[in-house]
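Shown next, in structure tokens, is the structure this report addresses.
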Amino acid sequence: MPEKKYATDYTAFDQMVISAARMIKNTDTVYVGVGLPMQAGVLAKNYHASNCTIIIENGIVRASLFPIPRATDTLGSQSYAEQLSGLFYVNCLAQAGYITTGFMGGGQIDRHGNVNDTAVGDYRNPIHRWPGSGGGNDVMSFCGRTIVILEQSKRRFLEKVDFNTCPGYFDGKPGRREEAGLPPNTGPVAVITDLAIYSFEDREMTLRSVHAGCGVTLQKVKDELSWDVRIAKDLKDTEPPTEEEMRVYQEKIVAARPSFTIQPPGGRPPGPPAAR
Amino acid sequence: MSSKVMTMSEAISKNVKSGDLLFIGGAQHGSPSAAVHEIVRQKIDHLTIIALLANTGLLVSEGLVDTVLTGYYQLDEKRSYQLQRARALGKFPRFVEYSHFGIAQALQAGYMGVPFMPTRSQIGSDMLKYNENIISIDDPFGTGKIGLVKAVVPDVGILHVQRCDAEGNAQRWGTLGVDHEGINASKKIIITTEKIVDGDVIRRDPNRTIISGFRVNAVVEQPFGAYPVHLAGCYNDGPGAIGMMTSEEAYNAYMQAAVWGVKDWNEYLENLKKVNGPDFLDKIKIQNPAKSDPVITGI
Amino acid sequence: MSSKVMTMSEAISKNVKSGDLLFIGGAQHGSPSAAVHEIVRQKIDHLTIIALLANTGLLVSEGLVDTVLTGYYQLDEKRSYQLQRARALGKFPRFVEYSHFGIAQALQAGYMGVPFMPTRSQIGSDMLKYNENIISIDDPFGTGKIGLVKAVVPDVGILHVQRCDAEGNAQRWGTLGVDHEGINASKKIIITTEKIVDGDVIRRDPNRTIISGFRVNAVVEQPFGAYPVHLAGCYNDGPGAIGMMTSEEAYNAYMQAAVWGVKDWNEYLENLKKVNGPDFLDKIKIQNPAKSDPVITGI
Amino acid sequence: MPEKKYATDYTAFDQMVISAARMIKNTDTVYVGVGLPMQAGVLAKNYHASNCTIIIENGIVRASLFPIPRATDTLGSQSYAEQLSGLFYVNCLAQAGYITTGFMGGGQIDRHGNVNDTAVGDYRNPIHRWPGSGGGNDVMSFCGRTIVILEQSKRRFLEKVDFNTCPGYFDGKPGRREEAGLPPNTGPVAVITDLAIYSFEDREMTLRSVHAGCGVTLQKVKDELSWDVRIAKDLKDTEPPTEEEMRVYQEKIVAARPSFTIQPPGGRPPGPPAAR
């Protein structure tokens, strides 16, 4: 890898995708949903983690490179995969513990990493409805490390979500996931937004770094959270994109990013709704 | 011997009844669009549908659906003309929500002939509060909590495939979504196929058969039967589906073109070519085909 | 990248340990015979094996097996030199008995990552009295009694296939017995293959992949790796297996020829040709091959 | 079908196989084990039931003709099948109720159709051991109608089996199968031996016909049973093989019958042991 030279011309959104991609290791098997998770996965595969295996919900297991698809299942994301099967098969891989890393979006997220993709307010009489779990619950329930990527705003980052679609650490007390019957050694490990990066310490979202390089301040981060967030002792500025990362990101993601997702009538891409 | 081969109209009218629970295959890939449009044309109502990213929205907007079993559905009425229309008709369906894997497991249990499937998905969520088909129990083998998803056994399963013989031995490839579980779980089965092939083609690649003829009630040859959804080895997504759901005007125009104004799917396809040019469908065909190496069997 | 490709000796010594629970694929079809003989050669003991009509008897007769999970095993000691020999060695294994489907379900539960599989087999039998891995409960959904078969998660799974790439993406066809469930349930995986093929062959037929490379620990190219068991598209049964188990003399002669007197399976095969003629193996190859039509993918 | 002319030169064994084959209807889906069940299935397919579908345990679904195999899984029984999958798949077909007819052998059978393929005497200290269920329990548990084919002898036909490997009607009281959790509308419907044919009336083996044409007497039948068997009011002589049946049987079964089953070391054909 070339010597690190940091880029200067990038947005907070670019930082979010690139920071997410960095979470993927070369040896990982990564379950990616549509949207930002897919962009992070494809970027990692094109840059530093060319050996990682990408799992796509509809039955795709691929170790080989592929162009970023308009949706998760396209002829491009299917063709030349190492294995094609179905949704049941790839989720069994996950449930049995063979998917190291999950990437997902979300509607709301709370202090303990629980994600709501279902309803704002009361389920029976909601203020707003999202399309529901999709594969989100499965990813969060099964994957070794789950990384949530979503744009940060106060009304989406809550002390407690209105509806727990994809369980994080529930109320944060130890052992709650195991008590519920979720597989051991699973759960969210990071939240990556357009403002900051969070890890989980004692099952609580903890601010690790602020995207200072694109002008984000700690105050701005705090303003877009609904609770008094725990801050890591060694809080840092987020490492900016390197020039090389930005080059690959521009070429493989931005240039190929679908301007408009074509969908069949009634059909929707899988996974939770992208935060927008 | 080939009494199973029939028109789409016959296949639907003979096998789909008011009140049926339908499995409609092709989650995100190769949905049986032509068959769904024929159900609309025949106005078969009070359906329960399993909607896993397949092309089933028209059934809802036409007021034909009582219940939707789903893992993901556009439930924001402000953004969904389909739901607005169902509401206006007084036919807003009941939604029963699972995760995607939950739907797959319910169908797997149906395919296996057992009352439930054990699961570790969904049990950590609030979905259990509102969906009585998912429960959490203590594992009798002592490993702690485990979820159970209740079996779903569709009355009718409809699958679109690349090739099928006249007896209904059907082969499908590319991503399979929940097709294997869903079609094998179904009591009656309709196969729509791009092409009816000789049985010998099937028998020289028997591992690819997703459902055997003895389980199949109807076989319909329907080229571009999944349009505008892509189908591996056949065609890419068509442009036709965009925007049709955003207004009453666009919706009505689409319904006139695809359902009410034509006698069948083939007439709709012909009209598409008249409007968009004779090469309209050719343009979405596979441009860079990859051919599999043959596999050998025999004695 | 291709660090997974190794000799049989390495694959076994690196991945199979004393005390392991082994899944050995190829029920009645394409058993990994060469791999089993290598385990014997390395005298890896205290094994638990899942024996579903696969070629595993030598492990028992050599006293390497503590427990056999089985649906069908020759348990009449008078008729089984293997069992007599195990008895004489003081290594008569414990047998845990299921039906065939019971074994398949235990492996299915392992593959799915759940603690059990619901079943209607076995629950009417006396097997439940002696096999604590099968129980009968009241269905929480209220349909009456239902059986549960406890999951089996093998430490190592060994599968012989027709083709596999250097990364371990393995493709197998013909009857699959319990291969799909068993190999996907296994923690560590050894693939032995008639031929290592280019990854492009795999990627032009991805629906045929039974296990993906990221799950596979070792790939061994071993022609005639299932001999004397038949393998679809490759060869018919060999004559070599008959009668070897009926006497100490025949047994010892076989063991000398196939294990102790040779360094590996290839040397055994070469010796077979020396004894039986250079065309000995050619004669069992497929005589009337059937070729599948290619399937198309691509964009 | 040609006019019925009955054969004169046939054995009780021939009668057994041919009577079993007659149980298969043209519309049936038939799960066949190795040995006599396979012979009956292949004969039916070659004679009067050419449209029946044959299911073989290792994953074979075939509507097309095939030569009688030496074991259940051979290149001959696999090749040109309509569908190849695995043991799990075909048993799911059975468990879900899609296999109309099962054919199996057995070690012992009792008055209520329970079959023992496991042990004579105490399980922990047996007088004799058979290889166990194989697919026998699955066939008997799942199939719509199960037909048991075995050679008859007093020590194999018992009031009560020592070990219930494949449940018939348990103690014969109504509803026992349903109580145990077995699927509705399943269970043994016929036992076909080299002496006679039995059906089940009120869940009890009932003598329907005696193979009189090959010299079997009612007394001989009774001598080879351990209990005072129920006899149908309209007890008949078994319909002998027709000449046409015998011709096809000789050509397709006898001539092709394997003289010796080649087996891999340790490997065994599936299904219960043939009664011998």
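Going in written order, the chains are labelled A, B, C and D, and every chain counts its residues from 1.
By our rule, a residue touches a chain if its C-beta (ideal position, glycine included) is under 8 Å from a C-beta of that chain, and two chains touch if they have at least 3 such contacts.
Bear in mind the structure is a predicted one, so any value in this text is a computation, not a measurement.
Peer 1: Determine which of the two chain pairs, C-D or B-D, is joined by the larger number of C-beta pairs in contact.
Peer 2: C-D
Peer 1: How many Å are there between the centre of chain B and the centre of chain C, using C-alpha atoms for each centre?
Peer 2: Distance between chain centres, rounded to whole Å: 37 Å.
Peer 1: Taking each chain's centre as its mean C-alpha position, how far apart are chain A and chain B in Å?
Peer 2: Here chain A and chain B have centroids separated by 29 Å.
Peer 1: Can you check how far apart chain B and chain D are, centre to centre, with Cα atoms defining each centre and the answer in Å?
Peer 2: 39
Peer 1: In chain D, what residues contact two or more other chains?
Peer 2: Correct list: 75, 78-80, 84-85, 95, 142, 183.
Peer 1: Enumerate the residues of chain C that touch no fewer than two other chains.
Peer 2: Each of 112-114, 119-120, 146, 173-174, 176, 203-204, 207, 232, 236, 286, 290, 297-299 in chain C touches at least two other chains.
Peer 1: Okay, what are all the chain pairs that touch?
Peer 2: A-B, A-C, B-C, B-D, C-D
Peer 1: Mind listing the chain A positions that touch chain C in their complex?
Peer 2: 29, 51, 53, 61, 63-64, 75-76, 78-85, 92-98, 142, 183
Peer 1: What residues of chain B sit close enough to touch chain A in their complex?
Peer 2: 27-29, 31, 33, 51-58, 60, 70-77, 82, 97-102, 104-105, 108, 119-127, 129-130, 136, 144-147, 173-181, 228-230, 232, 236-237, 239, 241-242, 244-245, 286, 290
Peer 1: Write out the stretch or stretches of chain A touching chain B in their complex.
Peer 2: For this pair, the touching residues of chain A are 57-60, 71-75, 78-80, 84-88, 91, 95, 118, 123, 128-138, 140-142, 163-167, 170, 177-183, 260, 262-271.
Peer 1: Okay, in this complex, where on chain B does chain C touch?
Peer 2: By the definition above, chain B touches chain C via 109, 112-120, 135, 137, 139-141, 143, 146, 148, 150, 162, 173-174, 176, 201, 203-205, 207-208, 232-234, 236, 286-299.
Peer 1: Which residues of chain B touch chain D in their complex?
Peer 2: That would be residues 1, 110-114, 167, 169, 184-185, 199, 202-204, 206-207, 209, 211-215, 297-299 of chain B.
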